[in-house]
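Once you've had a glance at the structure underneath, I'll fire off some questions.
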Amino acid sequence: MNNENNLKIIEKCTIAARGGMTLLSQEEVNKMMEVGKGGVHELFRKCCLAVLNCDAKEDDAMAVLERYPDFDVTLIPRERGIHLRFVNAPAQAFVDGKMISGIRDSIFSVLRDIVFQSTEKGVGNYDLDESFDITNFVFEILRRGEVHQFGTEPNLVVCWGGHSINRVEYQYTKDIGYQLGLRGAHICTGCGTGAMKGPMKGATVGHSKQRIKDGRYIGLTEPGIIAAEAPNPIVNHLVIMPDIEKRLEAFVRLGHGIIVFPGGVGTAEEILYLIGILSNQKNQGVPFPFIMTGPKESADYFHKIDEFIRFALGDEVAELYEIIIDDPEDVAIKMMAGMDQVKLYRTKNKVSYYFNWGLHIDSSFQFPFIPSHENMAALDLYLDRPVEELSASLRRAFSGIVAGNVKEYGVQQIKEKGVYQINGDKELMEKLDDLLQSFIAQKRMKLPGSTYTPVFEVVK
Amino acid sequence: MNNENNLKIIEKCTIAARGGMTLLSQEEVNKMMEVGKGGVHELFRKCCLAVLNCDAKEDDAMAVLERYPDFDVTLIPRERGIHLRFVNAPAQAFVDGKMISGIRDSIFSVLRDIVFQSTEKGVGNYDLDESFDITNFVFEILRRGEVHQFGTEPNLVVCWGGHSINRVEYQYTKDIGYQLGLRGAHICTGCGTGAMKGPMKGATVGHSKQRIKDGRYIGLTEPGIIAAEAPNPIVNHLVIMPDIEKRLEAFVRLGHGIIVFPGGVGTAEEILYLIGILSNQKNQGVPFPFIMTGPKESADYFHKIDEFIRFALGDEVAELYEIIIDDPEDVAIKMMAGMDQVKLYRTKNKVSYYFNWGLHIDSSFQFPFIPSHENMAALDLYLDRPVEELSASLRRAFSGIVAGNVKEYGVQQIKEKGVYQINGDKELMEKLDDLLQSFIAQKRMKLPGSTYTPVFEVVK
Amino acid sequence: MNNENNLKIIEKCTIAARGGMTLLSQEEVNKMMEVGKGGVHELFRKCCLAVLNCDAKEDDAMAVLERYPDFDVTLIPRERGIHLRFVNAPAQAFVDGKMISGIRDSIFSVLRDIVFQSTEKGVGNYDLDESFDITNFVFEILRRGEVHQFGTEPNLVVCWGGHSINRVEYQYTKDIGYQLGLRGAHICTGCGTGAMKGPMKGATVGHSKQRIKDGRYIGLTEPGIIAAEAPNPIVNHLVIMPDIEKRLEAFVRLGHGIIVFPGGVGTAEEILYLIGILSNQKNQGVPFPFIMTGPKESADYFHKIDEFIRFALGDEVAELYEIIIDDPEDVAIKMMAGMDQVKLYRTKNKVSYYFNWGLHIDSSFQFPFIPSHENMAALDLYLDRPVEELSASLRRAFSGIVAGNVKEYGVQQIKEKGVYQINGDKELMEKLDDLLQSFIAQKRMKLPGSTYTPVFEVVK
Amino acid sequence: MNNENNLKIIEKCTIAARGGMTLLSQEEVNKMMEVGKGGVHELFRKCCLAVLNCDAKEDDAMAVLERYPDFDVTLIPRERGIHLRFVNAPAQAFVDGKMISGIRDSIFSVLRDIVFQSTEKGVGNYDLDESFDITNFVFEILRRGEVHQFGTEPNLVVCWGGHSINRVEYQYTKDIGYQLGLRGAHICTGCGTGAMKGPMKGATVGHSKQRIKDGRYIGLTEPGIIAAEAPNPIVNHLVIMPDIEKRLEAFVRLGHGIIVFPGGVGTAEEILYLIGILSNQKNQGVPFPFIMTGPKESADYFHKIDEFIRFALGDEVAELYEIIIDDPEDVAIKMMAGMDQVKLYRTKNKVSYYFNWGLHIDSSFQFPFIPSHENMAALDLYLDRPVEELSASLRRAFSGIVAGNVKEYGVQQIKEKGVYQINGDKELMEKLDDLLQSFIAQKRMKLPGSTYTPVFEVVK
């Protein structure tokens, strides 16, 4: 059947829980019923729709939601666990009327995470104003997401980069994934398309050639981004983190190395986050393989980033990463060598392989940043601030720009109050403007095709 | 090496965690370190010693503890989880200096349960004055104990009975276990010797003949009894419940049917507990296979019990159970037929197979009974009380007698204040006295060989 | 290192056997050493090179062999099994100097099949002049290839079609594979590129979305074709059949349905083979889903084939197959429905799911056809012959043409004696010529780019 | 239902094949049907009855067969494999009318071995007059029996000894099995009761405590002995060897060490077989742990054996074994240490762990010995013969005595022609007589209770 937007839908479908969701207490069943009401229900509905819509192309969160206005999901308590009833769901998630298994699993991952993050016995046990508790909370969410594999050595590569990269870049991310997969590495990304999907896709081929049957393709997302960057269907471990800061912490504590592909402002935010942490004195000597790479056509992206970082934070921080252009095999070999270092270090220092407890993350990188106009205006982007502080503020600046681009809250803010006003050191502001202009020139701010409208203004 | 009691000991041994204990948060590691201190440490030490001592014969809790005065266990925090270091441990738990795998697993079960039951994020989440919360707490402990098997139909038989039964009776419990094992049933008991071990031992043979590799031998114990009734080595799922009432609730909600073998006062307590629950109006129509059985030499035990129950609670409640003498095959066939009823009923009424949420348990059966002299004296054992109330009081009376016999607290109380004084209806008190005298005559009050000293006195 | 053709090679590498090859008798080790000598060694070397070369693009058997003139493989007897030592092997089969696992498995599949097919205790047990023995031999080779899965219902789809199809067609074969994979079907092909790879590639995505971890991608090849159509790397069950006739018999007895994609003369041979068998009176009523399909751009290919078949063999035989243009979902749905018929039929008639013993295959389709000039000239392609005989002869005619195109023996024959002369009914010969001309026009006779030279001449 | 001997029987039962028996070729099905006729059928019927009767106590082969005169088994060809239909089978093999899984598996092991050993494509491939072929045949039977475990180190202990030992001895064999099981060793025996069952039973407990789920309990039997020594129900890998010599070869090539418990003449035969092989010059330096052990009450048995061996073959051969009285832990520790030697030796000499190809077995130990009166009379038991020859002849002498005791052929011979006449050196003959008298005195010649009648006479 088609809905009013003329999209194929499945009118009705009920699915039964699997795995951990089949063994529920009466109390849990009761708690879950609350997911059926109010704000939590709206959050759950939105995330479900994103998951069901996972093969679609668009990245406009609100557009997706508007396209299926009649979609809904209801929880049906059963003593044996919970059932979910869907109405008017996107047909692409079904085969011959039956929901695709991987999508069903993801739906229950969403339910698991939202329930945990909205109930007293879950999040209620953590004091989220405390750095230590935040980290333990992040760990607990990941552990519930069953992303770990017992007994494995460091082999998880986090890949960052844009979700709307071009064809050549996408192929390049697949090539990297393939080389990593051949070497037994597993992949963790932000779980959307583009640079988040390519490495996973490549890795499946590498894993298959090496007869690795339990390839892990971990997707970490958060409610604010899931609709715009729906989990790609390769993801077999989906985790919904509560917000962008916890998602970033999950990436750097879970992964054993990070590869950055070309992207837009979001990718810049991620790079500054990582630099801010690794440049912290307390993390000196902690090995962390960090490679930026792309095809030769994309070399300019990294040169601009590199230039900006060196200007803003100094040449020293540039030693934290390596830029490799157009050589997937070299990237993979260096990443694997880096992991050997990680293994040695952690064994020696008794830091677990499965979560990097030893990494210091300052609370300025942990507390959620709300991209209100006030908060954006209050970022002091001055060159005389310590590297750690400036990188934290720059990270937030980029975060706000991403929000203004694709997140509900940010888009709404801009609609109401106009573009953000950013203050700071004049020369730095010029460099920032320069960098963002280069992103626009490279068409990295939006899906190719639509014209980009800036969401901020540098106060000159 | 031998200790001062001339028992073989292993001076030093360190073991690493397995399974769920290998993936710990920093916070959990910290919390566990608290187990290394104060009262919780003493509890943990005592339970560990009981587990390590599992092949021993004696059932005198304090004797065991006194025999290994230098035994200790220390937690060593490791980022990868927790290690345990033992000193002066009983040698029988080791082979060529290495701890036996099954025992190591049990030690970590003890740790898991004690940590959960003594920390704020564990028990702290439950209001144990609330019936609903108690049930959910019981469930949560069992779920953490991983006693469930996904997708199985009702097939778990709880076996109750004495830990110091005679050779003929022991062989009979093995025969029953064998017949159950041949039919694919799994066994849950209180995890000690005698009637708690026999059915498991028999079932292993039945399972082996039927090529059932994942036989479940679930042992449910509690700190007050673990030293006296140490987990037998067949138990492959050990769970430490916090107290006797929660242990009893776990039995009746987890098992799909119950077989009672000859035993002593503890067994009588269990029988009265079950009758008290099944006779509740709210549980009318709930199928619950309940068979008392023994070899022909033990027929008298059940006749006495049956007589007492009929006198105290009426002939009607006697319809809740069936007494079968000397026919293991018949017992197994009837138990399996009873489980078919359970399956039909739960499917129809949407009650889960894995935990009998639908069974009503009155809070008088849930709240812990402290066998102080005051509490014992306050039991109103009068025939005019409703069946439900009287059975609850009788259950407590027997519970107090068990405590006086073998539990630290009770034994201590008796030492200090003399035997318990029990009040009640004259005729009923005579019947009770009669029943207990028959236990003494049948040598069911203690290990054969030592003289039995009564721990109570009926106020005449 | 590079060899003289300037191709990357790995100079030396030794691999140990896995699975069935690790538990060998002394006698088997001795027998295998014979594979190291003479003609069998040359056959083994050639097949190994094809497997190692599996990612390469060319389909010219001799070109491949000539490119690695120094390549060799030696068997090293070990009491624990056999080791293989390679010298100057194509580097693409290795990652960081270590052979890719899937390729290593395939190498041992080759060894397994060649040893079985060249020793007295293997092929020596079969009388290959007897139809019954041929079928049992085919079965035994497949069973040794472990292509079966216990307890599964009919779900294996054989896909036929060209190895050098165009991009649109290739995408279409992937789409079909994807739709089949989503529905739980597994894929069996001739194991090369193009239409032999696409359906497997698509199915891996479908399987992955449905969380099917044990997808079977069965490749059936034969020594005469393996170099030209090297096993693609998705194949996880590789079986080397002794010759083309046994390979065809394996396809139709193992698969539960067949999909034909556009191809060239080889595909035409396969179509005629299948029609020849299904049109046999003895196979009346045996359900066999048989679908020809392609994107709309390729509709003409099937129309020409259909036209030719109707002319040569009658409209009735056209009822054996269905032609579906440009609708992957429809193809998959119909194929699955067809399999339900197969299941019903076999259950009712007690024919095994794992091998279609009940299908009658006339010995004219079983005995190997040697494409000598004499044999080619002797094919009587006259319309008045029974459908069964004429289809057998036509199958042979196409077989000869394939040999002349890409197989060592045929190419050699043509070089020596000029093109084949084919006799037959004038009108039929014109239609045949017509069909082949259409293949040439559609560039289906060779890899795009090189000019095609006909290898036969119709005697007019 | 009961049969005429008043034994419980199951009138009718049909079972379907499992595992390897489900994937049969048409030809194999046809071949198997031949098992339904003539002598092979009688052999199959006899072995099936022995397996079904496995819990019974008697060891009189003919008695068993006579007790179930109406028992029969028929093969029913099915395209999916073979079904077996039983009539009037012993009820003990069934639970609620369904055959016990382990027994069903054993029945199909019998079928597998008898088919292989009686068809042209099985035994027909071996020349059993050739020593090399005999060894390969033995290996092939074991490989088909799937007794091996990939990737394991030497850990298989063969246990020999009597099937009708007394209670103390039986408990001792269990103690040894327990100690071996705790150390991860697996057990291989002749598969009957007594010393063949005890070590397995003990090992199951040890394995269970160590959470070893895949314990291997291999039973090697042969048609001549299976009825008298029916496979005990713990055996999970049953293999029927064709005759006693191949069974003995299987023991010494498969096992990594041998423990001998008290037994009768059969055990003496086994001891002499092993000594004959290990004392061969060609086997010098090959480590082979060989321990004789028993409780202190049985010390005399080994002293007599030891005395006889030293007298007959010299003190030197006594260095091949160690006698340990009443110390199960010591036996297990020494056996495990011996296996370490085996591992070292085989690794160094590239002899496989899974089968001792390197051990030289003289053909005089391989060719079947038929205990006819002529053959028995022809044994030259003279002290001046080389150790190797004399031990071979002594082995045969004992073999004949066993046959006269419990095997159909031997018992028949004795019935017809009177007791065997044995020739030899006078003093040796006296020692032999002495040894056998001591067996009689120790009641080792028959089940306790029945009077023993000697089956031989030393020609004085």
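Lettered A, B, C and D in written order, each chain numbered from 1.
We take it that a residue touches a chain if its C-beta (ideal position, glycine included) is under 8 Å from a C-beta of that chain, and two chains touch if they have at least 3 such contacts.
As the structure is a prediction and not an experimental result, all values here were calculated from the model.
Comparing mean CA positions across the assembly, the chain most remote from subunit C is B.
Mean C-alpha positions place subunit B and subunit C at a centre distance of 64 Å. Separating the CA-averaged centres of subunit A and subunit B is a span of 48 Å. Once the centre of each chain is set as its mean CA position, subunit A and subunit C turn out to be 44 Å apart. Shared contact sites, meaning residues of subunit C that touch two or more other chains, are absent. Working note: touching chain pairs come out as A-B, A-C, B-D, C-D. Subunit C makes touch with subunit D in their complex at residues 19, 22-23, 25-27, 78-81, 120-121, 125, 132-133, 135-136, 139-140, 143, 148, 150, 350-354, 357-358.
Subunit C meets subunit A in the complex at residues 95-96, 100-103, 105, 182-183, 204-205, 208-213, 233-234, 236, 333.
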